[in-house]
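Okay, so here's the structure we're looking at.
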């Protein structure tokens, strides 16, 4: 399977499988595109004529708008201060990424490199916190963040919440990766007189780039897609983030799927590019345990 | 390591040597070896440690006890004053009701009543009809503000209070229970208290009587004398003992004894104080009841109000639902038996409290006395660098993750729901009842009338079963599809690999809210794409959301679609890290492809896949969005998973405590899972 | 420049003691080799000098300073690691500069030092590459370069050659030795390879189970191994041992298949110890063919040849003497047949006698 | 070091974003905050009304600021903020959550005290009823939404007045094979079904919010649906809202029971009319009575400016505002005087809903209502899928709701 060419196995069956899966994968996404570019608001339900032919049925399952129109995109961008919301999202997501990765890196480094009482417990506690269902967290979070810390309607408040909630996963990832970085690199640096802080910043972090990139991506996505906390904590329209803006189009009695789809695409594009950009890291960064430094 | 260092135990703490080492024989990492750490910082001499422990523990506990005692005494005083005021208010209400709650008759009753009240007290009567102040003896209601008149805008709270009482009375009547308070008491800014009661005429609430009492003398504060006495005497005794006794063990015992004496002494004092308060309260209320009964009879006669039915002073000393307390007889005598019960109730409360305090104090005492504190401080100082690195993340987690988490767990022991969510949690405490209700219900299925098995989809165990099936199938699909694709994509020299790879991770990058809904649309019976395809090949479309199995299939497809890219990327990474020589060696050994796969590929994938699987199990187990958006539990809640069920308990059935218990159970299951998994994977690694 | 000294140094992990009562003086400018089998504590001792291991007892000094509580960077030492420990994300130049940067060396000075070091090691042309693009030997040079560029008081080498192939190892061996001679820096070198130890060290310290077995120049250790372990460990091919009992007269030894007189020089020691169990050590060089010229007292025994390894300039003969095996070398012209019985001459003055119970050398 | 530069850029951007946080408006004067979940023309018209109010009251220093909140997050946001004294002064929401908020406390301010009779009288009585919880009024009704009969004028020249006529007309227009139906509505959806249920005299709660799901009337109403589906065959299978829209737009559904939200989805090519839901011959000629949802304007309990807030509430529900909201925001105002206005009266859509609302029943505003939806929907499904008899299905639903209600009451 792995050395097929040399063993003379043809590639075309693999391509068939891959093309099949790729179609399966992008099909729903094509529907999102179709709805977005159709200029209509309906959720892609095509009715068939009486006694439908195979061609009719084929037409019905083909994600291709009958007419192409950018009106949904235009409306989304002009109807509401969507650009402003995108900007907020960018700030919040980047802030979350920076803060979240920083917090996770330091903690993961300590868990990976220091031996200290409470190490196992601490690490366990970080993991365990992933397991409590989040649906009941809204009100306690509101009390802490807005009532106690007074961070309502501020991007900083959102950044703190998102960064914190992304920590457990990030610590997990990074610790696994740090563990694979050989210790004698650090010892060498120590011998040369580097402080622990310097070792961390100039040796460990650059070496853990793939894992850092992956955690950064995850933190970014956490912040980028979240909606309910952002909608609850922000008391000014100009402070909303893009997902909040998106939700205006659905919910309640009338649902404008066309706008929503167009908005989703606008919102997804940065993430998709981020994915493309970080692809090479994604593969190695996620597999901490098996990569040897 | 360093802890057993002779330098550090240099001051001769023999108790230290046998405690477990922080790192059992593992070679130390470079960071723990902070060579500057001298270890010469000597702890306090050990007899001082015991004394310090006692000072702190006893001091802390006594301070707490003193605070609690003051508050309880104050509460009792307030209660007594409220009861006195209420007896008076009820008597008055009885009269006002006889005067039909309005008009000159009511005003006459009020002014007659005012005569006997303490200076600074006042009464008002509100009539709902016309939002009127019917009668008032409040000093501000004179001149052009004199009753009767319409209430002014700033008096809206008074009116709303009346309405609240009315609603409460009606609700309780309707529901045949006692859910909402029918009386309100309030502390006034001048230190007096205000009590309000509804006025019922012909079975409906038409108004309200309110009484403001004059400011009271502050509650007597328990003296500081006993506090100091029971603190200093045991301290002195213990100090003496610890200089005489040379053995550390005996010193600790002495300190425990001293602690017990101190706390016990103060407990006895508290008990006496409270019992006295309770007994006195009854006397005072009884006296008030007698006076009011007389007074009411007089006013009744004076104002020629209807005397039937007879006055019922026994109902005047009542709880917030206007149910008689029964502590004082209608004739105004203290009921000794009931009183004894009440005293015992207070006493057992005191005992419980002091029991709790004793545990707390002992913990502190032993912690400090046995050197726990010293060791803790030492540990923190020794590993300060590690703690420093963890601190920022830990603080964030503590505040924003663990606090809500513990709040949730606390909530799970209460019956908190929509109706009582504003009460303090201690008032709705139900212990383990929610858990018993969730876990103790075994009616998973019953036989229907036609003999077929009918599942109870709301049952916890059914939902758990479904959730497990959901998780297992999803992860299995995710892993097998992801791994399969990764194997294909890892074929050397395959054309267009990057293109496939990019397209295949797209589901990961799109917001799942919209893709989930698209998938739901694709499964529509008549117009969904899936059924179109089935019909193209001559089949019949399925009603996907009508049977649990097909409904499950829709959610499974959607989630499988969403989750395989993650597994694919993980597998791909792991595959790329396998050295090619391994395969070459295997080929030389004549291994078939399948043998290569099982002997090389799979074991090499394990270290990467195991954590990914654990992670995705946790994610899938709590995958709220997909179930909620795609099947929404259809049909009939059969495809609900535990989280969506918990959500529905909280937000559709408004049972917050129950939902919290549900969430805690989910958490417990996952914790158990991860522990078992952890142990298993460690066991296999060791093998 | 400074010497290094261990005084009663101990290292324990909990109950487990790795090094106990280590006393060792390393003189200024000396090239000291710590040698011993794996797990003997030699690396731990080295890391204690480096400051990478905590010292559980005793004192380690560099120069006049006790360094027990000093962090590595204040000890003025440099270390070369077994796996090179080059920073993979930095270029070679950056690797070399790292330590200097931390010391805030001015840029021109830094450039000069780096270029000098690169020059010495012949890696000037590699400076802009990343470690991954280098061969094993080149990486080893970079690791050396990183050590010398800072001009520390002490060099520490932790089995630096064990990842190289045999030929390169021989080459690097001499280069390191030359480098040390040239720079004259006190060096401590850890290895499990006794040839490295013999060829490189001014003195070598043989260690076993956390204890120093013998300290001396290579020749001292070779010629007069202090105990059975050192005798076994040092020398290639290794010394052969014969189990023997001292005759009652104290003047001859007998074991399975042989009987030898006690060398005259040792007779004062053995006198009156009849019946003592001994291990008799024979270096291959001191077992000769009867045709070869010999020195001093000799004795003749007959062995059975089992295996012959021709090495070109000589042959290694594995033979049997009763229950013992005996290894020795012969000039190629005397190559015996496998299986043949062969008389050999033993130089009695070079016999090493060890008390079988204490394993200590019997010496005059 | 490219990454370093990227990182620095990110940090700078964040700092910029954080610094540019608009300073919170100082609490000078009386700034009132109004929350709503509107967008598009509804939002525009509301903002216009608010602007007019602000202009008129600028001298008093009262200024209203609006905040739109996405519907999905709105209720949670109110529940999280208002009881903690943080939220708006005034908010607009449908009555369905009203009871819950009142029971939770410190959320909605009772306004009986302010309410003069003339204000009370300016609303359609049933909308006022929706704002009343346990005898106390908590808000003023802004608009209502109600299901009515929407028909394709080309296919149905005159809308049917009774269920008999409806079946007759619909049967003629039904051709199942061709995918044509005389009538289409989400009959499996309990909300839509309520018009039949109420029409038969059934309902969800008796006095004291005891559930009455299994009443004989309710059973009868489902049997009526079954008759339409099975015997008369005038309804399509599995009628999701997207399907109904498609059918109607393609002229394959002649009549639809739906509300104002449906109008926006009708294709421009379809000439449609609105008429009241037909009467029920089977219930002795009584009308079908749809549920109505009423959006009320509430003063929040912790508001610091309740008097001013109530003035805003009063203005928003006044005739002047109602006219703007109706004509520009396409809402059906609860203010009844506005229907006398020529422009409003001339609007067929507004008129049709106004007619329908006469017989509409406000959807219960008690919190227990949220426990009804899921069991009731399950019951409807079971009945329509023939998995259960109407009586048995409603018995089950009744039991489930009663259990949940009891769970809430337990002390």
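Labels A, B, C and D are assigned to the chains in the order they are written; within every chain, residues are numbered from 1.
Everything that follows uses one rule, which is that a residue touches a chain if its C-beta (ideal position, glycine included) is under 8 Å from a C-beta of that chain, and two chains touch if they have at least 3 such contacts.
It should be emphasised that the depicted structure is a prediction, and the values quoted were computed from it without experimental measurement.
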>> Farthest chain from chain B, going by mean C-alpha coordinates, please.
In response: C
> Most contacts: which chain pair?
Replying inline: A-B
> Roughly how many whole angstrom separate the Cα centroids of chain B and chain D?
Replying inline: 34
> What is the distance in Å between the mean C-alpha positions of chain C and chain D?
Replying inline: 91
> How big is the gap, in whole Å, between where the Cα atoms of chain A centre and where those of chain B centre?
Replying inline: 32
> Cα centroid separation between chain B and chain C, in whole Å?
Replying inline: 68
> Can you list the residues of chain A that touch 2 or more other chains?
Replying inline: 43, 45-48, 187, 190, 209, 227
> Which positions in chain B touch two or more other chains at once?
Replying inline: 26, 28, 30, 32, 521, 524, 527
> Counting only residues that touch at least 2 other chains, which ones in chain C make the list?
Replying inline: 51-52, 71
> In the complex of these two chains, what residues of chain B are touching chain D?
Replying inline: 131, 151, 153, 156, 159-160, 163, 166-167, 170-171, 174-179, 415, 417-419, 421-422, 458, 521, 524-527, 543, 546, 633-637, 648, 651-655, 658
> Where on chain A is chain C touching in the complex?
Replying inline: 182, 184-185, 187-194, 198, 202-203, 206-207, 209, 293
>> Going by the contact rule set out above, which residues of chain D touch chain A in the complex?
In response: 3, 7, 10-11, 13-14, 16-18, 21-22, 24, 33, 37, 39-40, 67-73, 76-77, 79-81, 84, 86-87, 145, 177-179, 242-243, 245-247, 250, 252, 259-261, 264-265
>> Which stretch or stretches of chain C touch chain A in the complex?
In response: 50-52, 71-73, 77-79, 81-83, 85-89, 98-99, 102-103, 146, 150
>> Show me the residue ranges of chain D that touch chain B in the complex, using the header's touch definition.
In response: 83, 100, 103-106, 110, 112-114, 134-136, 207-209, 236-238, 240, 242-243, 246, 306-307, 367, 370-371, 373-374, 378, 381-382, 385, 400, 404, 407-411
